[in-house]
Amino acid sequence: MAGNTFGHLFRISTFGESHGEAIGVIVDGCPAQLPIDLDFIQSELDKRRPGQSKITTQRKESDTVQILSGIFEGKSTGTPIALLIPNEDHRSKDYEHNKTVYRPSHADYTYDAKYGIRDHRGGGRSSARETAARVAAGAIAKLLLKHYGINIFAHVSAVGTINAPNLQPLTAEELLAQREENIVRCADPATAREMIEFIDQIRKDGDTVGGKISCVIQNCPPGLGEPVFDKLHAELGKAMLSINAVHGFEYGSGFSGSEMRGSEHNDIFLTNGDQGPKTLTNFSGGIQGGISNGMDISFTVAFKPVATIMHNQQTVNAAGEAAEIKGKGRHDPCVVPRAVVIVEAMAALVLADQLLRHRASQL
Amino acid sequence: MAGNTFGHLFRISTFGESHGEAIGVIVDGCPAQLPIDLDFIQSELDKRRPGQSKITTQRKESDTVQILSGIFEGKSTGTPIALLIPNEDHRSKDYEHNKTVYRPSHADYTYDAKYGIRDHRGGGRSSARETAARVAAGAIAKLLLKHYGINIFAHVSAVGTINAPNLQPLTAEELLAQREENIVRCADPATAREMIEFIDQIRKDGDTVGGKISCVIQNCPPGLGEPVFDKLHAELGKAMLSINAVHGFEYGSGFSGSEMRGSEHNDIFLTNGDQGPKTLTNFSGGIQGGISNGMDISFTVAFKPVATIMHNQQTVNAAGEAAEIKGKGRHDPCVVPRAVVIVEAMAALVLADQLLRHRASQL
Amino acid sequence: MAGNTFGHLFRISTFGESHGEAIGVIVDGCPAQLPIDLDFIQSELDKRRPGQSKITTQRKESDTVQILSGIFEGKSTGTPIALLIPNEDHRSKDYEHNKTVYRPSHADYTYDAKYGIRDHRGGGRSSARETAARVAAGAIAKLLLKHYGINIFAHVSAVGTINAPNLQPLTAEELLAQREENIVRCADPATAREMIEFIDQIRKDGDTVGGKISCVIQNCPPGLGEPVFDKLHAELGKAMLSINAVHGFEYGSGFSGSEMRGSEHNDIFLTNGDQGPKTLTNFSGGIQGGISNGMDISFTVAFKPVATIMHNQQTVNAAGEAAEIKGKGRHDPCVVPRAVVIVEAMAALVLADQLLRHRASQL
Amino acid sequence: MAGNTFGHLFRISTFGESHGEAIGVIVDGCPAQLPIDLDFIQSELDKRRPGQSKITTQRKESDTVQILSGIFEGKSTGTPIALLIPNEDHRSKDYEHNKTVYRPSHADYTYDAKYGIRDHRGGGRSSARETAARVAAGAIAKLLLKHYGINIFAHVSAVGTINAPNLQPLTAEELLAQREENIVRCADPATAREMIEFIDQIRKDGDTVGGKISCVIQNCPPGLGEPVFDKLHAELGKAMLSINAVHGFEYGSGFSGSEMRGSEHNDIFLTNGDQGPKTLTNFSGGIQGGISNGMDISFTVAFKPVATIMHNQQTVNAAGEAAEIKGKGRHDPCVVPRAVVIVEAMAALVLADQLLRHRASQL
């Protein structure tokens, strides 16, 4: 209820502040007997880890995950899987300046307004560090989905106004291979080079820039998603909007669909042998009436620019007086390269939950 | 869990199919002693009612709401408020054609895939008729918010490629007055005329068109919204994406924010007397770290075009064979004029829920 | 959250006051394609109905159930099933006396203390009339359980100090047949006669008396129940304690088990062919570690005497002044004969929910 | 949903197996700014700790609690409080014997039946070791309740057939002082001596015995508890029944109330100055209609004898074949002395949750 839990049947609860002892997560509801590959979980965390390239924050955290429970002889037991990631590089002194001064477009003021108390070190609970716990939990959800042949692939589709072209005919595996070739995690090599150059320039300016991540889910069976309030895309949307810095979500035709006519937007059904029907186009983004239809599920997530910049900014302090603040610490000039795996993790958590929920719908 | 319930402390559960006996909703968790104005609830429903103008469906439903419980001597008692809306004009024969043939971009196929059984009459549970129950419940949420001085205002900000200008300096009350002057529910009179003409032409073509609704919440106190997963904008996003035909959601700077630099996007804090600080700009859309900051909350919702068109379309039937279908029945050429009050209702439900949840956060 | 919803995957939400327009319930999460026998639902309600014999209240309610949604061509569709029971015989004037005077051992004072407002007519929401909605919903749960061969049987095992003997070797069907032979719903004919005579005398005295109901669930597969907090018996216990007038719950050896030694209490496992093991004794009541073990599940529920008696009683009024009150209206001298079907309904709701929840536990 | 979470607004999620790395708990929803006394949390754990006297298990665990998050400068911040208790004395070899052989009246068979996989070491997740996490979380709930002046006191009221007398006129503080004078945790010194002697004899016999714990909650304000399904006593009942080895729960008059007449059972209201009314008797156990009435809340919990005895017992193995098993390891001859603080912890969790839920009930 306090908002630190996500999912219903496949459910995670995260805890931990940026500069406390540790962060972590309980994964509850993972079906028993699922082989759990610890190396895979760690490799997912490594994709989110700070300090991985010149265009990400230089903060050093090994983000080594420990499993405390729920796994026995390499398999899930059906009981809660607790994952712990100790905090290592907590230079709290970098954050003395925002103890009483509110950083613009950060959560300093709103946490104070809500709770009347705030762990100011590194943003406390509002820090994007919390998302490491999601990535660890999402890795387990991905293992479950892989068991059923479902693939999730996200990549950076825009940085500022630099947009990647449509890469649609490629499979998730092919896209993944291309994405991991470059540090910005865009699956189109030419666009990736342009993006990296641009972010590097932004970094030198002491500034930041926003971007977009696009995601496709392949091989999802029809029938996932609950009607009315818990539509599959509504749950995906909430999941994405819960990620730090996200300001927008669209699926299928998205915002451009609002400009179209029904006669061009409708996805004509085609016969498909003895399987369920296919559609000629996929403006529905693989979801109709909130329920997956067996086509690729596609959505895009918009991230605002990181709020911490290396410029002087006007602001106020906790006493309501005018003040000035300058970004310190080690921050990302653009959040999307490290957020790709977070988007995938949250998508995996939604799918895993809906997969289990779907089981209750029939005799 | 089956997805027909929304909210936690202020919680609604809807029921009913388009062409069954009735639709309805239970509102659970409304605080006791709130004066309940039945005329207001009915007037909200009237804004969603079919047959209200030449640019909406000509289907006739009076949508008269009955209150079955939870109100005593004009006030809420703290117990569940059950609201019932009988179905009147259920021309089931209009839907014989989609009993075994799947309408493109509708939920016929996915409901069959999920449940193996489907009330095909009028879309059954996937019909937008279900949203009447949300509007009735949302009206009660609005009464609660009004008690605390919080106003919600939405209007049609785009139809196809026709976009309304920014009307920002106006208050919610002023905008509401202008919106109710025209049948398309756009607060800018000149744009409204253009939209109405366009929709009328679309209707004559037997086609449909998408659009956008923008919403502003004024006078929301700082502190609402839960950190991490249940961020205020994440709950708003889920609420909006759960509305039929919605394909996108953005708040504050939204998708355009992904193209900006931090130095232009950051909302500088300004001193504000003895109240909490104001911000110079509001790219944050009134929400920082998932928690309201006291500024206006703003978001936009994208609707795809209505799937039912009066043209012949290719499709498949339940046996997987090729078939042809032609739209019948009485449908909206553009859904946004009637959806304005649905967007407001869902926003009110989110705010009411977060208002009550917030009470648990402090000693 | 406000406490009017029960269950997770098979979930009900009830509404309605004793003397309002109607009471009702939404059943959400019933799997699709279950045949729904309306006559069975009505026959269950008839067992709870007032006015059925000389030892129950003489209030007249036909308790005729209407189905508003969720059923199509005789089968569940997977969407919410809404059930409505109009109130007929609401003699509100019988309740003028408790508008401002608190009836001893009723909920008049506590509702006022909680909400500051109260529908005093007939106890409003705290009336046992609310349980009719549970019985209707429980009937649907029973239909689901019957589909899987699970039987639930409850009967009156004690009235005051009159206790029924152990009837263990009989099947649920045999017990049911014997129970329905008499108006007190005790499966032992001799004890039943004694109980009826005693209740009749109590009624003539203008007094009331408590009693006990025992329940057995036969043919429940092993594996139902969630470990730790949502143990099968913990959910059953909560379900029973939520019924009006219940003051105690025990399962298996129950309170007498607290007096036993481990060497006599342990249920020795026996080989059982190619099925799961049986146990020699069943002090575990069919549940071990919170999970069903395939043996009969058994529990007993204690009901306090009805609070409304036909004697003058001292009390206080809403102003805190001394007052006197005399029971009026038409009440049960003993609640257990009509509560048998309520106990079964709540047990069915728990089992149906756990049955669906169990599906998520394995790959 | 998988059953490892308890509570709604004040919510805990536990994890960890008896012989894994660690056990722990996330406390989510503790209001901000509550002073957190770590010594108090540890002292509560010390009361549950094994090895504390000759009548408890001789297993050695220091049960030292670590706080990982949610506390800043000695106060709660409103974010999740994660508590970790490393496992120290895990003699897994004591449990080789039950890897494939099912211990009678344990959860070995049912976990296998449910999950098809089981961490057999020390009972895994079904071990009472899990309750240490509850005690740590319950200590935080107690701190919240103390802030509002609410006291909870439990003690051993029966061991086998040895029952403590009624100690009603004493306050919770006085009872607590007397209880902590002896190792069996019975507040009546004479009964305590008898109980200790009896348990010591049972232990020498290699046997075990059941018992009862009674609990009183003093100074609870009227109005706590939700009507219908989440009645205060229903939530307390579920909480108690979720504790290992509990077979029964009763509140107020309990099972003996089922033998009484309404004319003797009704609690007459008395004037009480300018406060809410008092009652002459308290057969209602401080709860009417599921809502606290300001009187002492009282309930009793029945525990079956510990299943592990030092005798040879017949059983079956995982292959369904007859087998023999003998209790090994270090176990409690009687669980109630160490369970007193668990009962208090669970009661505190229920009260804290209802306290926060109550805040949503009024304008």
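The letters A, B, C and D name the chains in turn, as written, and every chain counts its residues from 1.
Heads up, the rule we're going with is that a residue touches a chain if its C-beta (ideal position, glycine included) is under 8 Å from a C-beta of that chain, and two chains touch if they have at least 3 such contacts.
The UniProt protein names, listed by chain, are A, B, C, D = Chorismate synthase.
Owing to the predicted nature of the structure, the values given are computational and were not obtained by experimental measurement.
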Item to check | Contact-richer chain pair [B-D vs A-B] | outcome: A-B
Item to check | Chain whose mean Cα position lies farthest from chain A (Chorismate synthase) | outcome: C
Checklist entry - Which whole number of Å gives the spacing of the CA centres of chain A (Chorismate synthase) and chain B (Chorismate synthase)? => result 26
Item to check | Rounded Å distance, chain B (Chorismate synthase) centre to chain C (Chorismate synthase) centre (Cα mean) | outcome: 39
Checklist entry - Between chain B (Chorismate synthase) and chain D (Chorismate synthase), what is the separation of their C-alpha centroids in Å? => result 46
Item to check | Multi-chain contact residues (two or more partners), chain C (Chorismate synthase) | outcome: 1-2, 4-5, 8-9, 14, 29, 32-33, 78-79, 114-116, 125, 227, 357, 360-362
Item to check | chain B (Chorismate synthase) residues within the chain A (Chorismate synthase) interface of the complex | outcome: 1-6, 8-9, 14, 102, 104-107, 109-111, 113-116, 125-126, 130, 158, 160-161, 202, 207-212, 222-223, 225-231, 233-235, 237-239, 241-242, 247-255, 257-263, 265-274, 276-277, 279, 283-285, 287-294, 302-309, 311, 313-316, 320-322, 357-358, 360-362
Next on the checklist: If we count contacts the way the header does, which residues on chain D (Chorismate synthase) are in touch with chain A (Chorismate synthase) in the complex?
Outcome noted: 1-2, 4-5, 8-9, 11, 13-17, 20-24, 26, 28-29, 32-33, 66-70, 72, 75-82, 84, 114-119, 124-125
Checklist outcome for this item: chain A (Chorismate synthase) residues touching chain C (Chorismate synthase) in their complex are 1, 9-10, 29, 31-34, 78-79, 147, 227, 356-357, 359-363
